[in-house]
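Right after this note come the structures.
Next come two complexes built around chain A: one with chain B, the other with chain C.
And now, the complex of A and B:
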């Protein structure tokens, strides 16, 4: 696992309520790097996030609004944040409901920039 | 006040971890020393990124500086950290008022007043915005879903679809004006199913919304009822957090409309 990728994930895991952060292959949902709390199933999170990101990409393409930069799946128990990254990767952040979406967005977009 | 600013500046220099930055930043803001206030607030936020009052201070300064979008985001963050924070409720209420969203403005201002009932100026503001409110919500909501009527904007932006993705109401066009409701409906239904699956398998419970920031617009998918999905497109100048709130409001209107149709 790349040390550089783990360094990129580190600020995300410091957000209040963060349960895990990952870098995932967008095409097949395989884990490239991960920082997860013990009870989080990384492979499931990666596959679900990649699948959702692919569906969202098709919606965005069909709507003619460019390309997705950031997305948040909001649920009662927390959120999954996804940001497309270079090299056909996606950055995934899994949080509880207490996480500030604005802070998550900022950290994720900065991490994606650093991956470029 | 100048003496206070001097004393607080010295106190902060002696102890950079002191929470006195909150009073110093506010004092500088009140004296319209925006640049200095921003520096103090940003330094404080860097040290205390999860302190609601620090985000509130930063938002007030941004609002004074005219950066309303970022001010909204900061107040939004304040409310995520402290859902009953009166300053943030008041700030967001003010921004909604400025945007002409009087219903949302009054909701936030009333919530702020509940937290600070002694604030007479706020009570007067609530009264003033109440007076400006549109007629009953159901009547007010209906035109929102009348997107198939002549469009008030260059393109149609709200689409309500059933669980199978068939458009029920509203209309959606791409930026060139081509109608895409039917094409995108099936994709939206599939995306909503995937969102529900992901939330369920990850133990997050029921999904509530999907916010998507794109290079050319912000998009939002919400679920007015278990059998319907509402998709909204807005320009990038509508912050994604605000889009979520607007979509929730439209979803409530859609829910009322669906119930009335039964």
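And now, the complex of A and C:
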């Protein structure tokens, strides 16, 4: 696993309520790097998050809004944040309900910039 | 979709629906077809089964040569199409899944839903019947019965 990618994930995992962060290959839905809490199945989350990101991107692009920069799915138990990144990768963050969405968004967009 | 073993149909149907796989073939490690989805003809199925089992067998030999544990999954990925091969153990012996998928799904999703398929197959396998050996004497009859089940001919 690449040390560079793990370093990029580190600030995300320090967010209050963070359950895990991953860098995923957008096309394949495979894990490139991950920091996850125990009992979280990274491969399943990666595949589903990449599929979701690709579908949402298609919807947004079809509506003429360009490529999406950031996606958030909010549920009772927490949120999933997804941000497309360079080199056909996506950044995924899983959090509990206590995580501040603004802080998560900021950290993710900064991480994407560092990946560029 | 056609299956030789009726209890395979429901898990396989769920897999095909969820994964968006184009073609799916379940076979024993010796290349006997258990179920198929998406193949048009018997010849295609039998060829794909023989080739899939052959690829898996030769990769096991390669792993043994290198003193590695046997490979469980192999993937051939092209620009428009990918092939996913996975061997897994069942109460009926080692089986192999061959999945052909396109750009409307991903390798990650195929892997995810194939793992679920394996779990569902293991749960659905009737345990009372012992695995049958295919004897040379009744091989042709077995083959014809399988083809009738798979293609209704």
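Just so we're on the same page, the second predicted complex is superposed on the first by the 116 of 116 C-alpha atoms of A that agree within 3 Å, B and C clash if a C-alpha of one lies under 4 Å from a C-alpha of the other, contacts with A are read in each partner's own complex, and residues count from 1 in each chain.
Basically, a contact is a pair of C-beta atoms (placed from the backbone, for glycine too) under 8 Å apart; a residue touches a chain by one contact, two chains touch by 3 or more.
Bear in mind that the values here come from a model prediction, so they are computed numbers and not experimental data.
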Room on chain A for both chain B and chain C (clash or fit): fit
Chain A: partner with more touched residues, chain B or chain C: B
First (chain B), second (chain C), both or neither touched by A:30: second
Chain B versus chain C as contact partner of A:50, first or second or both or neither: second
Which of chain B and chain C A:72 touches, first, second, both or neither: first
Touched partner set for A:105, first chain B, second chain C, both or neither: first
Overlay on shared chain A, then closest C-alpha pair between chain B and chain C (Å): 11
Footprint overlap on chain A, where chain B in one structure and chain C in the other make contact: 44, 48, 51
Sites on chain C touched by chain A in the complex: 77, 105-109, 111-112
Chain A residues touching chain C - in the complex, by the definition given at the top: 24-25, 27-30, 43-44, 46-48, 50-51, 54
Residues of chain A defined as touching chain B within the complex: 16, 44-45, 48-49, 51-52, 55-56, 58-60, 62-80, 94, 98-103, 105
Complex interface listing, chain B residues touching chain A: 49-50, 73-74, 76-77, 80-81, 172, 174-176, 180, 183-184, 187-188, 190-191, 194-195, 197-199, 201-217, 219, 221, 233, 240-241, 244
